[in-house]
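Some notes on the structure that comes next.
A, B, C, D and E are the chain letters, set down in written order, and residue numbers restart from 1 in every chain.
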Amino acid sequence: MLEPIHVSLASLNLATLAPMLIAIVGALVILVIDMAKGGLHKSLYVMLSLLFLLLDLGSLIDFAGLFLKNGTILGFFDVMLMDGLAILAQIIIVVGSMLFIPLALTSKRFHEYNYPEYFALFLFMISGFQFMVATDNLILIFIGLETASLALYTLIALHNRAKSFEAAVKYFTMGALAAGFFAFGSMIFYAISGSVEINQIATVLAEDHYSNIGYILIAVTFMIAAIGFKISMVPFHTWTPDVYEGSSAALAGYMSIVPKIAGFVVAMRLFEFLVHSGVAWLQVILYIGVVITMTAANVWALVQSDVKRMLAYSSISHAGFVMAAILIGTTQANTGLFLYWALFSFTNLGAFTMLWVNRQKNLLPGQSSDHPYEKFSGMVKTMPMGAVMMGLFMLSLAGIPPFGLFWGKLYMIGSAVSAGYTGLALIMALNSAIAGYYYLKLIVFMFMKEPMVGYEKMYFMNASLSLKTIIGIAVVGTIFAVFAVNPLLKVITLFVYNSGY
Amino acid sequence: MIDHILTLLIFFPALAAMLGFVVTKDSMRAYGIAVSFIEFVLSLWLWYAYDPMVSGMQFMESMPLIPAFGINYLLGVDGISLFIIILSTFFTMIGIASLTEKRHLKNLIITLLFLEMTMVGVFAALDAIVFYVFWELSLVPMLYIIGAWGGPLRIYASIKFFLYTFTGSLIMLVGMLFMAYFYNQATGMWSFSILEWYRLILPENFQLWLFAAFFIGFAIKVPMFPFHTWLPYAHGQAPTIGSVILAAILLKMGTYAFVRFSLPMFPDASVYFMFPIAIIAIIMIIYTAMVAYAQEDIKQVVAYSSVSHMGVIILGTFALNVEGVSGSVFLMLAHGVVSGALFLLVGVIYDRRHTKMMSEFGGIASVMPRYATIFGIMMMASVGLPLTINFVGEFLSLLGFYKQSHMITLTAGVAIIVGAIYMLSAYKKMFFGTVTNEANRNLKDVNRTELLGLIPLVIVAIWLGVYPKPVLGPINNSVESIIQLMHDKAQSPEAKERIPNLSDSSKIISMQEAH
Amino acid sequence: MEITLTHYLVLSSILFAIGLIGIMRRKNLLMLFFATEILLNATNIGFAAISHYIGDLSGQMFAFFIIAIAASEVAIGLGLLIVWYKRTGKIDLDQMNSMRG
Amino acid sequence: MELYLYIALFAPLVGSLFSALFGMSPKTNITGYIASGLLFTSFLSSLVLLNYVLGGHTVHVELMTWMATGDLYIPFGFVVDQVSVVMMMVVTIVSTVVHVYSVGYMDHDKGFNRFFSWLSAFVFSMMVLVMSDNFAGLFIGWEGVGLCSWGLIGFWYHKESATWAANEAFIMNRIADLGMLIGIFMIYWNVGSLQYDVVFAEIGNLPLVITTWIGIFLFIGAMGKSAQFPLHTWLADAMEGPTPVSALIHAATMVTAGVYLVVRANPIYDLIPNVGIFIASLGAFVALFAASMALVNRDMKRIIAYSTLSQLGYMFVAAGLGAYWVALFHLMAHAFFKALLFLGAGNVMHAMHDELDPFKMGGLRKVMKGTFIMMTLASVALAGIYPFAGFFSKDLILEVGFVEHHYIIYTVLLLTAGLTAFYSFRLVALIFHGEERYKLFGIHPHEAYKFMLVAMSPLLVLAIIAGSFKMTYYQLVTNLLPSTVYHVHNEVTFWIMTIGTQLFVISAILFAYKKYSNWNSVPDGTSKMENSFGYKLLWNQYYIPKFYEEVFSKPYLELSKIAWKQIDLKIVDATVDMIANAIYKTGENTRDIQNGNLSTMLRWMVFGLVVLLALAVAFTVGYNAVSA
Amino acid sequence: MFEAIAFYLFAVLTIVMFTITVMTSQALYAITAMAAGMIFISAFFFILGADFLGAIQIIVYTGAVMALYAFGMMFFDTTRNVVEKKVNPQIVFVLGVLAAVMVVAIFVAPIISDNIQALYPIDPTIGNSQAVGMVLFTKYLVPFELAAVMLLVAMIGGIIMAGKKMDKSLTLMAEEEIGMMDDSYRAEEGGH
C-alpha cells in the first residue's frame, strides 16, 4: 500500500520558487484589483508591475549572492535549478521587462493598455520564462514555455488591429507546431535515457557512450527545430518579421530580447553537453545553422523597406551570432552570450522604443507599413536629438565601437578565435559588415535626405516622459557600455563558470 | 597636466563639440576655429615637451578599461605618431578656418570636432582595441560629412566608403583577437597592448596569416590597389573639407598602422610579403597615375594622385630599413600637407564655379594669378620637386627600397615621371591657355579667408622641404628602434639579412654626428 | 508476436507524420488546429509506451502535462480565431498575407 | 670668402623673391632693376671667388643639415672650387647680361615682374646646381632649373604651344632625372655618402660593374638636361619661351648642366672608359644629327637651338673622351657666343613683331646695324673661325678626337663644323641681307633699345676674346680635372688640320652667303628641293617628334583612358559593386521565402526538420558503417 | 497475442481516423474522426496500463477540447464543405512521408542501453492513479502548479479575446474618438 511520503520542508528549498512566485502573485494582485474596482488608469498597473518586477529582481540578486556562496541551488525535488545561467538569464529577463513595461505609458492610447489583464498576462509570461530557464526538467521547460507563449500570443493580439491578429495567429500556429516538435524530441530523449531531466539524460548517454546515436540525432533534430523556432533560427524563423511587424513596436523589441534569452539558456543546457561530447553531427549542424541564420537574415534585412521588419531580421541575425556561443561551448563563449545579450537588450530595446515613440495610428499615405524608411528621412533636421539617438542605436547594432554591442561582438568573436573557430570568426566579422549596410540605410535616411513634406510632426508624437526615460537609459547604456563591460564580464564569467558551462 | 596631455588632446575636441550644441549658429564658426586652434596649440605643446632624443613612447597613460579581457586605455606617442597628431590638429584647424560651406554649418563643425577626436585617438592609442575604437569611430563623422554635404552621388559614395573600410577593419579585428589569443597562449594573460605584443615572437606561418588579416584592414584604408575604388567616389562626392581631412589624415591611418603594427609585430612576414606588396605599390604608383591622367575632373585627378603617392609610402614602409621607413613616415606628413592643400585649392574653384570639370576651365592663370601660383607651388610639391616637403619623403622612400630591390625601385621611380605627366597636364588644362569660357572671365581671386588656410600650408610645404630635420630627427629615432626590434625579432635568415642590424652601425651614426 | 516499444514508436511517428501533413496541407485554420492536436497525441502515445516499457512514471506525467497544454492551446487558439473571424469573416489562412517579404 | 659665396648664391634668390612679391601686380620697372642689380652683385662675388680660387684655394661650406636619417646624411653644402667657379662665372655673366637685356625685351609684357622672378629663381637653382658639394644638392639644382625652365618656356601660358612645350621639357627631363636618381641611390648604397669628396675617394674601391652602372645612370640624367638623343626633342620646342630665356637657359647654362655633371663626376667616368666612348659617340652623333636638322629649318630660334644641341654634342665628345677641361672650356665659350646669338635673335624678333621665319625677313642690316654686327660675330665664333672663342674650344675638341684615335668621331665633328658654319650663315644671310621681304607683310622693323645692345656687348667681347684665357683657364681647372694636354704633336699634321678645318668652314660660310644673301622670295613648299625626301626628313626632324607622339604620348593617353574606364571602373570597381549587388540580389530573390503565407511558413519549418532528419539519418548510417 | 491484436486494431483505426481528419474536406467528418481517434488513443493508454492517462484523455480531449472545437465550428460556420486551395500538394506529402520514413528508419533499431533506470518506478502493487498522484504531487508539483497558471492564462486570454471589448480597436481610433467613447461609457456608468 501507499507509503506516506515524508518530505522535509527545508529540503524542498521553497525559496527557489520565490522569483517566479513574485511575478505570479503580482499578476494575481492585478487581477484582484481589477475585479475590485474596474476602469483604473493603466499607470497604476504599470507601476504595480514595475514594483513586482523590482521585488523579483531583488530576490534574484539575493539568489545571486547565495549562488556565489554555495553554488548551484536545487529545489523542489530537484525540479528547480538555480544555477548561474538561470540567475543571469532571469536577471536579463526581469531587467528587460522592467525596461519594457513603462513603454505602456504612451501619450497616445492603444488598445492593449486598456486591459488590466494585459499586465497580469505580462507578469504571468515573465514567470513562464523564469520557470523555463530555472530548471533542467523538460516538462517544466515545456510548461514554462507554453505559459509564456500563450500569454505572449494574447499580448500580441490585444494590440487589436488586423495585422496583430494575423501576427498572433501565425505565431500561435507555428508555435503549436514547434510545441509538437518539442514534445516529440523530449519523447525520444525519454526513450533512450528514461529521464526527462537534462543532466540525467546527459549522464545516461555518457554511460552508454552515445551508442544510440541515431536516436540522439533524431531527438536533437526535433529539439533544434523546437528551440530554433523560439530563437528564430533559419529556416524556423519565418514568423519573426511578420510577428514583429504585427505587434506594437514596444512588444516587438521585447520579443527580440526576452523570449530569446530563455531559448538560449535551454539550448545551452540541452546542446552543450552534446557538443562537448563530440557529437560531430551536432557541431556541423549548429555551424551551418549559425552561419545560415546570421547570413541569410542579414541578406534579407538588406532588402526590407520597413524599419521594423529590418530590425526583425537584424535581431534574427544577432540571434544567429549569439548561437555561435552554443556551438563553441567554452566558458568564454557562454560568457560572451550573456554579455552580448545584456548589451543587446539596451540597444535593441532603445531602437524599438524609438520606433514606438513615433508610432502613428494610421498608415502614412502610400505606405503599407508603420515604419517605412521614408518616415525617417531628414529627421536630423526636424528632430536632431532623436536622429542622433536612433543613429547611435544603429551604430551600436552595427558594431561600431565604442558603443554597446561592439564589446559583445568583440568578446564573441574573441571566444570563437580562442576556441579555434577561425572560419566562424571571419564569417561573424564579415556578417557584421553586411549588416552595416542596412543600419547605415536608416542613418542615411535620417541624416542625408531631406524631410518629407507634411511628415514633420510624426516624430515623438507618441512620446511621453516614461518613454523618453527608457530611451535615455538605453542611450546611456549604449554609450557608456564600455565601463560596464568589465564588471559584467567578471560577474558573468563567475556565474557561467561556476555553473559548469 | 602634461601627464594627461594625450587624453586632453583626444577628448578636448569631443567635449568642445558637445558644448558646441549650445552655441548659436552665427558664432559657431568662430567657436570652431577657437577650439581647433586651442587644440592645435596643445599639440604644439606636445611637440615642445617631446624629448626628441628618446626613441620610445612618451607621455604614456594607462587606465584599465576591461582588464578582464586585457583591454586598457593606453596612450603614448613616439616620433612617428607625434607629427601625425600635429598634422591632424593642424588640418582640422585649417579646415575649419577655411570652411566655405553654408548649409548646416553648426552640424558640420561639431562633426569635424568629433572627427578630430577620433583622428588624434587613432594615432595616440597604444592598445589595439582603443586603436580600433577610434579607427572605426572615425568612419562615422566622415560618413556624415560625405553623405550630408556631398555631391549628387554622395550617398552611394559615403556608404561605399563606410562599408568598404568597415569590412576591412572587421577582418583586422579578427586578426587582433588572434594576436591577443596567441599572447594569451604564450603568457597566460590577455593583453591588447601593442607594446606587449611587440615582445611576442610568433612562428612564421602564424605571422603570415596575421599579417594578411591586418593587411586587409590597412590596405583598404590606405587604400591599396585593388581596394582603392572607394576613394575616388569618396573624394569626388565629399565636400572640400571632407576631402581635405580624408586625404590628409584618414588615409594616413592605414600607412601608420603598417608601421605601428605590421612591421614590428610580424618582421618575418613583412619580409616574406615585401615583394608582393612592392608589386602592388608599383601598380598603385603607375597604374593610378595613368588613371589620374585620364580623368576629366580635377578633384579626381588629385584623388587618384593620392593613391599613387600612397604607393610610394607603402614602398618606403616595406623597405624595412631606417631610410625607407623614416622616409615613408615623413611622406605621410608631406602627402597630408600637399594633398590636403590641393583639395582645398580645388574647393576654392568649386566654390566659384560649382564644377570641377577641367574642360570648363582654361586660362584661369590670368584671371586668378594668386590662385594659380599657390596651386602651382602645391602641384610642384606633389610632383616631388626638391626643397618641397614631398621630395624628402619620396626620395628617402625610394632610396630605402633601393636597398631591397634595384629593379622595383627603378620601376617605382617612374612615379616621378608619371606624376609629372598627370599633374602638369591637369595644370595646363585648367590654368593655361586663354579664357574661353565666359563664366570664368570674372572669377575672383583667392580671398583672405582662403589665404588664411592656404598660406600656412605653403609655408609648411616649403619649410619642411628645406629643413626637415626637426621632424625627421624624432621620426628617425623612433624608426630606428622599430627596425632594431624587427631585426632582433626576425627568425628567418632572410629576414635577418634584409632588416639591418643597427647596433652594428652605431659607429656610423656617431660618425655622422661628428659632422 | 510481441508488441515492442518499437511498434509504439513507429506508430507514434506515423501519427506525427500525419499531423505534419495536416499542418502543411490545411488552409482552414480550425482544421489546421486539429492537426496540431494530432501531433501532441502522437507524442502522448510514445510517452505512455516508453513509460510502460521502462516502468517509469515520468512519461505518463509528461503526457499528462501535454494534454493540459493541448487544452490551453485550444482556448487561446479559438480566442484568436474568434477575433480574426469577427474582423474578417473568414478563417482561411490564405487571407492572411498583409505582411510579407 | 664664405660671405661672398653666400652672396653669390643667394643674391639671385633674393632677387627672385623680391620680384615674386610684385608677381601679380602690373609691371614695375624696379623689379627688373633690383633683380639685375642683385645678379650683378652675384657676379661680382663670383669674381672675387674666382680671384680667390685662382690663388689656389677653394671654399667649402656647410650651411645646414638637409636630411639625416639612418646612415644617410645630406647637408646643404657648397663648394667653390676650380670647376664650379668657372661655371659660376659663366652663369653669372650670362644671366646678368640677360637680365639687363630682358628689362628692355620684356618691356611691354604684362608678366614683367613674374618674368624676373622666374629668371632669378633659375639663376639661383643653377648656382645651387654648380656649387653644391654633393649629389643631392646637385639634384636640387637640377630639378630647380627644370622647374624654372618649365615656368619660363610656358611663360606665355596663353599660347597652347608654349605650355605644351613647357610640359614636354619638364617631363622629358623627369625621365632623365629618374636615371640620375637611381644613380644617386646606387652611390649611396655603395659608398654610404653623397658628398663628392667621399664618393670620389671611395669610387675606386667599388666593383667595376657598379661603377659602370653608376656612370650610366648619371649620364642618363645628363642626357635629359643636355637634350641628348633620344631626349632631344624638348629643346627645339622650348624655343616657345621668351628669347632671353632661350639665351640663358636653353643655350648658355641649363642645357650644359649635363656636361657639367659628367665633368664634375670625372673620377667616376675615368674608371669606365667604355661608357666614355659611348658618351663621345652619342655626342658626335648628336652634333651631326642636330646640325642636319638646322640646315633646313625655317624658324630662327629653332635653328639656333639645333646649333646649341650640336655644340652640346661636341662637349660630350670631349667629356666622353676624358678631356673634361676641354669640354668645360667649350661650354664656357659656347655660352658666350650662343647667348649673344640668341639675344640678337631676340632683337630681330622684336623688330619683326615676333616673326621667326628668316625667309620673311631679309635686308635687316640696314635698320639693325648693331644687332647685325653682333649676330654676325657670334656666328663667326660659332663657326669656329680664328681668333674667335669658338675656334679655340672647338678646334681643341677636334684635336681630342684625333689624338685619341677616334677618327670616325673626328670626321663626323669636322663635317658638323662645316654644317654649322653653313646654317649659321644661312641664317645671317637670310635675315640681314638680300631683299627686304618683310615689307610684304607690312612690318616696320626698328632697332632694339640702346641699353639692350650695351648689355649684350660684354658677351660680344667675351665671344671674341674668350679664347685667349685658355692657358689661365687650363691651369685653373686642371687642379681638379685630369690635365691631359691634347695636342697633335706632328707639326705638319697639326697645321694641315687647323688650316684645313678653317678653310672648310670658311668655304661653307661662303657657300651659305652665295646661296642665301640674295634670296628674294618666301618658299611656299612647291620647290623641288622642298619636296625631296631628304628635305622632308630633315624638315620633320627625322619624324622623331611624330614618332614620340604616335608611340608614346597618344598610346599613353589611350592606355590611361583604358585603365580608367575599362579596368578601374569596369573591372576593379565593378567587382566590388558586384559583390555588394550579388548579396543584395540574393536578398531580393530569396525574400519570397517569407511570402507571408502561413502555410508556406509551416512548410519551411517542416522542410527544415526533414533536412535535419536526412542529415541525421545519413550521419547515423555513415557512423554505423564506420564503427562496424 | 491479445495485446498484439489490440495494438494493430487500434493502430489501424487511429491512423485511419487521423488520416480522415487530415484529408477530408468535410469539417464535420474531420472533427468526428478526430474525436474517434482520440478515443482510440485512450485505448492505447489502457493497454499500456496508464489508466489515469486514458481517463484524462477521454475527459479532456473528447469532453472539453472537442466540445470547444464543435462550438468553434458552429461559430465559424464551417459545417459545410471547406474549400481549400491546394498549392503544391506533392511537397506536402513528400515532406510528410519523408519525415515519417526517416524517423521510422531510426526507430527500427532497438534502443541499446543498460543505464535506463526508472526514477519513478511503476509499482505494480498500487493503482496507476494513485501512483500518478504520488508523483504528481511530489516531484511534479511545480509543473502542476505552473500548468494551473497556464490554464489561467489560457482562460484569461480566451475570454478577453472573445470579449466584446475587442470589437472596437483603440489602436486604430483617433484620440478624439476614444475621448468621446470614454464619455459615453462614463455616461452609461453614471446612469446605473
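In this section, a residue touches a chain if its C-beta (ideal position, glycine included) is under 8 Å from a C-beta of that chain, and two chains touch if they have at least 3 such contacts.
Quick caveat, the model's predicted, so the values are computed rather than measured.
Shared contact partners of subunit A and subunit B, listed by label, are D.
Chain centres here are means of the Cα atoms, and by that rule the chain farthest away from subunit A is D. When you average the Cα atoms of each chain and compare centres, the chain farthest from subunit C turns out to be D.
When C-beta pairs in contact are tallied for each pair of chains, C-E comes out on top.
The geometric centre of subunit B is 65 Å away from that of subunit C, both derived from CA atoms.
If you average the Cα atoms of subunit A and of subunit D, the two centres end up 77 Å apart. As a whole-number value, the distance joining the C-alpha centres of subunit C and subunit D reads 95 Å.
Subunit D and subunit E have Cα centroids lying 99 Å from one another.
Shared interface positions of subunit B, i.e. residues touching 2 or more other chains, are given as 163. The set of subunit D residues that touch two or more partner chains comprises 580, 591, 594, 596, 598-599, 602-603, 606-607, 609, 613, 616-617, 620.
Multi-chain contact residues of subunit E (touching two or more other chains): 91-92, 95-96, 99, 102-103, 106-107, 111, 116, 118-119, 139-140, 143, 147, 150, 153-154, 157, 160-161, 166. If the chains shown are joined wherever they touch, the resulting network has some other arrangement, not a path, ring, star or complete graph. You'll find the chains touch as A-B, A-C, A-D, A-E, B-D, C-D, C-E, D-E. Contact residues of subunit E toward subunit D in the complex are 87, 91-92, 95-96, 98-99, 102-103, 105-106.
The touching residues of subunit D, when paired with subunit A in their complex, are 580, 583-584, 586-588, 590-591, 593-594, 596, 598, 600-602, 604-609, 612-613, 615-617, 619-620, 623-624. The touching residues of subunit C, counted against subunit A in their complex, run 5, 9, 12, 16, 19, 23, 29, 32-33, 36, 39-40, 42-43, 46-47, 50, 54, 56, 58-59, 61-62, 65-66, 68-69, 72-73, 76-77, 79-81, 83-84, 87-88, 93, 96, 98-101. Against subunit C, the residues of subunit A that register as touching in their complex are 138-139, 142-143, 146, 150, 153-154, 157, 160, 162-163, 165-170, 172-173, 176-177, 179-180, 183-184, 186-188, 190-191, 194-196, 241-242, 245-246, 300, 303-305, 309, 368-369.
On the subunit A side of its complex with subunit E, the touching residues are 1-2, 5, 7, 17, 24, 31, 39, 76-77, 79-80, 108-112, 114-115, 117, 120-121, 124-125, 127-128, 131, 135, 137, 139-140, 143-144, 146-147, 150-151, 153-154, 157-161, 164, 191-195, 200, 203-204, 207-208, 211-212, 214-215, 217-218, 248, 361-362.
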